[in-house]
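As structure tokens, here come the structures.
Each of the next two complexes has chain A plus one more chain, namely chain B in the first and chain C in the second.
The block that comes next holds the complex of A and B.
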């Protein structure tokens, strides 16, 4: 295998593919990047079994072939080469990397590509999806997905059809993000599929500037294809929790507040706390007071420019979860709907009908 | 428990010869016969000590402690500041929080922590090579052998792998998967577990036993 490629083009391809490479040292083979050259087309594949990212880049190919290289080292070497063309040549059990002016030369030991994971194929017809709405929706629900694997089903995002919309739902059992995307059909039924949030998050990061993506789904696998990129992920098997009956339809208390003012106040109040410190919210007819405190100190912020209909209320939330919910509400004003201090609160953007964020309060003494 | 605070000199003869020059020290004589001489420092470590069984010969201004090994501790008391005795009664022993048995019990009471719809088959499932901490069924009815550790290390993985090898020879149980559960799992243990096809799961002991503040959840 031998090819020449501009450093930045190659860096871009290997950088994106390497995002799927296992971060830890669980298995050496998953620390590799597979380079496959066919004519002038180089495909770079990174995978940790569950998630595979394949990036394609046009190169000047001299000799087709494939090789598995250690991801981190290869990425580091290419990234640090001088600007310009890069020559990559397989020489026995090494890959020789040179800048075109032959001032830099690296020899990187290769790995056994026979052991590399095979990327699952999905035979179904690809469905075209508008990228901008889909990615915006993902960014709004992904923060609510569970990060640890103690309940694997909750590490995924439910992707289902709801009427004429594509519904995205994620929850870690303390909060739930729901986004309905009008007019998007991804070929899933009402029951939907559960896609690992990690894969979807990577899509939002690596997709680049494209208008459309193509989705292929079967029972176990989802494939997302862009111009020069393919993201393949296993689906999470199991039943997503019944969430619809958790969404309250009647809230006696309605608060409307400026989104940026709320975010600024939360950011300041959090300074005295740690990750677990809740934010207390005291809502009165003409103001909202946010407060927090630990052994280190106490903080209080008053927001007066609000609209509130309901009883005076003291309620507390996990600060990060509250911040996440307000962050992804896109309107200038946020609406916080509450029943009492212990029932789920509903957060959404004022006038934004396609998104809601359900947030469990925190019990405080 | 007798506690004597005294200005003293101490001479030890036995495996070596040692001498503590005159100073104020705490002499601790426990009901089990042990004797320890402490300075006001050095944490839990005495300057000198004599383990039981030994013989204390006490005379005016002088203690001589000896044992059958021929060791001899001579304490010369120049000034006794305090000499008190207390009956401490029976000690209930040290209860170590987070011991594996308690973790195991908590998980047995709530197997859903291990995975959705997990059900307990038996705690301390007996095998010829030792008891498996927990034997459970997953949501699909497959048998899962669970090894519970406070800290997951490679020895725990190897132990579970041995159980799995044994259990998978039992037709009524096979195929049996492995699950290593711990409060912490070191990277080496994770690598080995993956190689052996064993899943790893971290658990929060405080939360399991309900010490963490009550959390309100959607479901």
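The block that comes next holds the complex of A and C.
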């Protein structure tokens, strides 16, 4: 195998593929990047079995072939080469990397490519999906998905059909993000599939500037294909928690406030708190007061430019969860619907019907 | 110089003229209930008055929790093994402890103390410090307040207490001990009730005192001091800070240097949140059955969780304490993801620690003499992130229901099924007549 490529094109491809490479060090074979050259087309594959990212880049190919290289080292070497063309040549058990002016030369030991994971194939017909709406929807629900593995189902995003919309739902059991995307049909039924949020998050980060993507699904695997990129992920088996009856239908208290003012206030009162310090919110007919405090100090922010219908209310939320919800609401004004200090609150963008964020309060004494 | 604080030598209140608001030099009080557990039992069983009475633990390894002054005359003291107490004073009446009852009385006594000042610091189940420097305009000088406290506690609860009045906590505590009644051959020799150490008399009060009477002088410190040829506080006061720091380290050396001079700057802190809670049991015979150890862990965990809930706090760290038959004692701890006050969770962690420890033992073990479960990292009114599936609410609702049943029908009314038989076998805590 031998090819020449611009450093930045190659960096881009291996950088994206290497995002799927396992971060932990215990499984060596998942630390590899597979380079496959076919004519002038180089495919770079990174995988940790659950998630596989394949990036394609056009190169000047001299001799087709494939090689497995250690991901970290290979990425580091390429990235640090001088700007310009890079030559990559397989020579026995080494990959030789040179800059075009042959001032830098690296030998990187290869790994046995026979050991590399086989990427699952999905045979169903690809379904075309508009990228911008889909990715925007993903970004709004992914923050609500669970980060740790204590309940694996909750690390996924439910992708299901709801009427004429595609519904995305994620919850870590403390908050729930729900987004309905009009007119997107991904070929899933009402039960839907549960896609690991890590895979979807990587998609939002690596997909680049494209309009369309193609989705292929079977019982165990989802494949997302872009122009120069394929993301393959295992699906999570199991039943997503039934969430619809959790969403309250009537709310006595309705607050409308400027989103940016709320975000600014949250950012400031958080300064005195730790990660677990809740933000207390006092809502009165003409103002909202946010406050927080620890042994180190206390903070208070008053927002006056609000509309409120309901009783005076004291309620507290986890600062990050509240911030996440307001962050992804994305209208100029947010609507916070509450019943009392212990019941779930509902956060929406004013006039935005396709999105809601359900948030459980923190009980404070 | 007359030692005018000792019983009998000092004319009543001669050294102290009430000075009203200006009396700020000796404004720390130490209030100590006299033979509290025993006196509390005598309120319920007045027929025992005047007899040697012991409140304490049962079984071969039980210890004396409190002894009446009549019993103390025979050499009984708290902390002594019950079996030894029985030998010294076979005619004593042995009563099992009823800590809920004592706690109820103590809570009411503290209310009496708080009617004089909010600065009341309870230091154990029967003694408290008070700072009355702001109360003198209203209630008179410190000494008067001391007498009023004694009268009020006696009138309300029928109990005697002794009061020490001094310029700091160290001296006030020493003073209250001088105010106590003493056991005599035929009768109780009444104490002074209130002993006041005016600032001018501090040195003379302290100097003749034996070192073992001082705060912060434990057995090993005392041995070292004796080896240095020191017996009294006056001896200790001769030693330089440098010399003390060399032998005892900086902090402890400084402490010894201070107490020899009657210096104690620690303030009266009305409420000190507990940092940890624990319970432990010394088994009547060594226990080697893992099943039984696990049941005991469950029992203690449930009791601890209940204490946590009663105190309104949650714990982050679970501690297991084990003592081998040869008295080797060890503790192991585990820190939870979030604070808890739920017995099952504390139990799970403590059992994990037990299994982990047993799994790591190279040779077989012959059982444990003592086992205890504790919690630390206590926090109060910790905010609780509620969840959409109501997980935390259901376990809390269960705990609340169990607590309310127990407070109405007694502790034995509800128990984990695994403990029903265990509790029956264990029996009540009380004196073991066969011991």
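General remarks:
Simple rule for what comes next: the second predicted complex is superposed on the first by the 365 of 365 C-alpha atoms of A that agree within 3 Å, B and C clash if a C-alpha of one lies under 4 Å from a C-alpha of the other, contacts with A are read in each partner's own complex, and residues count from 1 in each chain.
We adopt the following convention: contacts are C-beta pairs under 8 Å (C-beta built on N, C-alpha and C of every residue); 3 or more make two chains touch, one makes a residue touch a chain.
Please read all numbers here as calculations on a predicted model, not as lab measurements.
After superposition on chain A, the partners chain B and chain C collide with one another. In the overlay built on the shared chain, the residue A:118 is in contact with neither chain B nor chain C. Within the superposed three-chain model, A:316 lies in touch with chain C and out of touch with chain B [touch as defined at top]. In the overlay built on the shared chain, the residue A:238 is in contact with chain B alone; chain C does not reach it.
In the overlay built on the shared chain, the residue A:151 is in contact with chain B alone; chain C does not reach it.
With both structures placed on the common chain, the touch criterion links A:342 to chain B and to chain C. Residue contacts after overlaying the shared chain place A:171 against chain B and chain C alike.
The clash between chain B and chain C in the superposition falls on 202-210, which is one of the stretches 58-66, 148-156 or 202-210. Common to the chain B and chain C contact sets on chain A are residues 171, 173-176, 241, 243, 246, 342, 344, 358, 360-363.
Those residues of chain C lying in contact with chain A across their complex are 312, 381, 383-389, 391. Taken in their complex, chain B has these residues touching chain A: 113, 115-116, 139, 187, 190-191, 194-195, 201-203, 213-219.
Across the complex, chain B is touched by residues 24-27, 148-153, 171, 173-176, 238, 241-243, 246, 342, 344, 358, 360-363 of chain A.
Chain A contributes residues 171, 173-176, 241, 243, 246, 276-278, 316, 318, 342, 344, 358, 360-365 to its touches with chain C in the complex.
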